[in-house]
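Each of the next two complexes has chain A plus one more chain, namely chain B in the first and chain C in the second.
Now for the complex of A and B:
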């Protein structure tokens, strides 16, 4: 094999970073879970998982919630994707907006709205005088998780539906099949891989979700919250670590299934050519039913967001609904530092995560080197890790010499970089695969070294993917909670953790204000992104050439 | 500045990632590419020609053997350190740079003063005829113009070796023909050693000083276009050159530079091939154009099928002992009826025929 210094150097450095900042924290968690309180080897934590019914219960509760949320979300997501991709319904921009807004929303926001509406002193609860109903528990979790996570299913399935060449459906219609049969025999079977993929994705995300059950689970215990409570509350560190590891099993399994099994079965081929608009596959009555559903769901979601907005300007929700700006003054007082910290940390972490992900994608897609497969799998692994596992791992790994980071901003930055790097890897990979390899070969052939090819040719060509990836990473950093809650400190707090604190103090309006500020920052980031990329000018040009 | 390239026993084995089996792409390939010549690697897809070209550029490393550029071993030299430039099948223009930036890209890596740089750019833009288009993006150019940018980008670095990977396959037929002459003219006038990969035998014939016909990673025949056209050295080459009648025959007599060949249906005297030792199991090669209907001809047969091609008829003729001949007969040149079922007498233009082992 030819020796390319750039490739060897960067792959070795990346591998070392992965070992320290991904491998070591996971190892530390395992080590702790296998020890007793005096630090000796012991299986007692795992033993109690089997022995204590409430621990077993939270495991099965997590699985139940995950599979129910995934099933409902996939159904809703499919209907949305189908309406967008295969019908002539009006108002698609509104639908698209409502179906993506939850992705960039802060955690707690929808839960908060649901509490404000249906909680013990909620607006709806009081209005109708409902007595024997509690939103806390499975129903509330399902409602909020479905609204938060169906966008994942929607985007995955939409990608698949748009990737199916429309001439296949035309051919079916041309051969005499009705629209319904075309849908059942052609469209649906072709989207099965996308549906499975979406299901697994939502399942994993639901399992790893910490924010929603933290507020809404009531007596319905789930793993992610139990791990947190054991770890921080009751101080049973080995048991917390063991619970976090237990959560790893379904998450990693689903991730592996999704990545190495379902995706291989996909029929979608990336041609880089824009598809023709597909034919409308619905009759009028069907279209009306589907529209009623998607618009109903969108309006309900919108109502939740408006509730949160109303909460910001209300003096005391449930008691005194007069207009007030006091909440803003209060948040400015208690939250100013946390907001600035969060912004600063996210702004620092984003470019590092992006560049690291980009470099890995470049090496994996374009270069041959020893250990490439391993590096690829290893670097993508944080994707499969629940935030809880990362948070616990970081606390344990970097609490001591030689790497003492607890209490610093650096530990949060590092957690963000390695947690979100897979986002950049994925988006850069997708973009690189579409770009003819010979463009880079031409540059090499003319005398450019590998690092110049990377900077002068590869980077400019995938600029849109880089900025899009960066924007999503920034959003993830701003809205992170499950990992960050373990590593914030008195000096460096995070807005989402502060939101949780405020909710626990029953200061719902303050929490709503924090959510509002967060979502405004996130929307501003996307606005800037649009300004930078223009109207996808570069992307189009590259596809065209 | 133009280089001589020597390939010695080049071997390339790929591992098939699905089956885990080794696939031999190039095997024991030895060849010298002369200074200033345009050499074509011709063969069907999968014959190893592109792999060979990519090894010359340095994108693939040979599994065995050595490559010498002007007697210097470059086998393990990375591609960006080699003094070769390639014109890619897909052109591989940099989409985010304009024409001028594309063409001048390679000059950045060579120590050239800015005035010489400017001279070279002016000269090359003039040669390929891109004046006035310097600030356009590749997406704003036609296919032919993109092709010229790709050519200029490779030429401007004045490479010792110019490599072409089926550069004309994305152009329409008419443009392809004119670009072919353009490439030939520019390569001649700059006197650059060039290796050209194609599967189009007409392109190979019209461009090259020498042609290497490849099959399954090996050299089938090396020679000038005329040699290859006139004397294909094997059935494979003959078939690839479009000689559709390959007829088993034996050598029955040879004297005075003439050889008498006997097939199942007829005997014919053709020019003797001195280097063919065996006398049996030979193959007589007859181009469809070298068969004529002639009442005085001594070969008789029956027409099985007739296809009208415009200028000519393509006619399938069966001889009494089951030999099948495909002939292309000039339309209108014959009084006789050429419908299926007709009996015809044929004459072979024996001075144009040859045979191989």
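Now for the complex of A and C:
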């Protein structure tokens, strides 16, 4: 077989990049966690983790929160997915919109709204004179995380439900089984891989969540925040690194379980055959109950967004509710540099992440070469990592020669590129799998080099996937916080970090304005995406990402 | 051909990519700094500085701990010229880690010895006095009396109504612990803190949050810095009352340090000198601080401390050396 120069060259280059920008930071974190403050080898950080009860507690709290959030989110997500895919409920566009909005929202928006409404001086708290209840801690965290993360469960389960051939259920109904029986014995069992997959996905995301606990955790310490506090607040870098590594373990485990075990058991096939419209599996009373639930949840979520919007226009929420535009002026003065920085960095990082991801997907799906499996796994690895681990890793790896990048924009761009590249890889892979090889093979047979095939044949065919992947990468860059908070500097700031600062200074209205600006930018990006590739293409792609 | 356009676009992005590796304040007359001063105060001061000297200042506002961590992370390639504000202890820690450079000039020579580092590594800007702040509306509704002694805080009437910062992350709170130790000895101090824990609703991450929470009504009582509280109470409509512990109270010295190998130290030096000018001192005083040099400066009458107030001194070096041990102790004994 002729050695394909393009393949060898690109795979080697990509591998080198991955080793430097993914492997090296992880390695640096491990190295630091195994040393003490003077740099000598020491297990003291890990000892502390086991010995000190408050650190053990934060680990268990994280696991508890993750499990509870995952369980509730899967329940909510399943109901939403079921209503959309298997019932005749009206108003589905609204439901679909509300079920995906939290994914593209700024990280602090929902927490902020919850504080504005249910905090000690919150609007609802004051209105009803509620005295002894505190939203801080597990209640608030569960509420916000569930709303933020159930879309992940919803999308995963929706994909699975839509992939189940309705003819199986039809057969059951035709044979005389009741709707309930069909649901319990056919639909539900077939959805199990999707449900498990969703549970693990939400679990990992909850563990890695930094933004929500930063605002709402109260006395309920979680690992992601502890790692940050030890690293920055207390200046105990080895302990922060150790905590970050501890966080890695459940995240990576759950990710591996989800990707290589659960997904393999999927009972869905993508045959490309047109789907028959699914029969409604619910009777009227059931449909009413389910509708009430999903609409209720959607309206509550909408109310939270509107609260944030209202917060932008009040002088000082909690103290002075008069209408005012001064927060906009304040944010323009204080935040415009951060807004521009965030946009610039995200706009630079997105095409690189997309192209790199695309190239990797192409190599992995279409080509055979030495080390392919390894490249595949290694390139997807950043997906499994909590942002905290990446942030700490990048600070440790790149604040020394030979690669000295702390304080520059480049370090943020690189972190974004390698962190979010897996999104493009997933998107492109899903698309490539569905396209028959024969078109590309025809081009090769006619004499085109691999390089040419990639640019002129493959790329145009998977355009929707590319653009959707790019849009999601852009959103992730704009809304990143847990990685970014370690690598911003005097010269380059990020909107999310600024929002956190404002919230810590209790300038809730200013924080609300920043959230508003961020979500408008993100919606604009999706609007542009829609214009480029059309409505239906997006619906398909969203399921894949 | 489509290919050429793609290469051009690619080259363009490579250019942008490389550009992002460059520094922003490459222009000659501007510096970048980290500040732990209150953000609006910093903005006012630095804008005034720019107006007078023409030197532009890009700043990032970070809490004391975060600023120290950022400076340490960047030590091989410092991005900021100096650290303005922030608890003196933080500056002393950076000195111990070799991350700052001494700065002395005509202006700093005149600073009283008690308000600066003996070797010039940090220079004090103002004193922050620890006091109690109560939300009078809440106090009235719950029939609480404004505290005038440390022991008052232990009374069960305050259960769940007090907020203080977490000493692990807040200089303010660690200052509280060292003051208590200085005042009653380590064992009694920790006993006090354990009893106080019963009345605490939340240990906040930032030092300023408890005070702001009291203003918002999220909490009834907090411990914070006098100047912050007085300013908040004068500027907002919040029902706040300050009170002082009769046994005496502790204080911090907010300072400024030059970062070692930071960019443009000469311009940074100009900023440090300017902080002791009449303009800067008056701006600080307008903001309810008591600056180092008060001659010819109009202090706010609300910002003047009662003459009967006893100040408890802590040894900054001792505080720095024992920080890890004491925070550990606090976490294991109290934060369970």
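In the analysis below, the second predicted complex is superposed on the first by the 532 of 545 C-alpha atoms of A that agree within 3 Å, B and C clash if a C-alpha of one lies under 4 Å from a C-alpha of the other, contacts with A are read in each partner's own complex, and residues count from 1 in each chain.
As a convention for this text, contacts are C-beta pairs under 8 Å (C-beta built on N, C-alpha and C of every residue); 3 or more make two chains touch, one makes a residue touch a chain.
Since the model is a prediction, treat every value here as computed from it, not as a measurement.
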item: Touched partner set for A:457, first chain B, second chain C, both or neither; value: first
item: First (chain B), second (chain C), both or neither touched by A:445; value: first
item: More chain A residues in contact - chain B or chain C; value: C
item: Touched partner set for A:436, first chain B, second chain C, both or neither; value: first
item: Contacts of A:400 with chain B and chain C, given as first, second, both or neither; value: second
item: Partner chain in contact with A:200 - chain B first, chain C second, else both or neither; value: neither
item: Chain B versus chain C as contact partner of A:4, first or second or both or neither; value: first
item: Chain B versus chain C as contact partner of A:241, first or second or both or neither; value: neither
item: In the complex, chain A residues that touch chain C; value: 52-54, 57, 119-121, 134, 136, 214, 218-219, 229-237, 316, 318-320, 333-334, 337, 344-345, 348, 351-352, 395, 399-401, 404-410, 413, 455-456, 486, 488-493, 501, 504-506
item: In the complex, chain A residues that touch chain B; value: 1-2, 4, 436, 438-439, 441-450, 457, 460-461, 463, 538, 541-542, 544-545
item: Chain A contact footprint on chain B (complex, rising order); value: 57-59, 61, 76, 78-82, 84-86, 88-90, 92-96, 105-106, 108-110, 137-139, 150, 153-154, 157
item: Touching residues (chain side chain C, partner chain A) in the complex; value: 2-3, 6, 13, 16-17, 20-25, 32-34, 39, 43, 58-61, 63, 65-66, 68-70, 72-80, 93, 166, 168-170, 201-203, 205-206, 208-209, 212-213, 215-219, 236-238, 324, 327-328, 331-332, 335-336
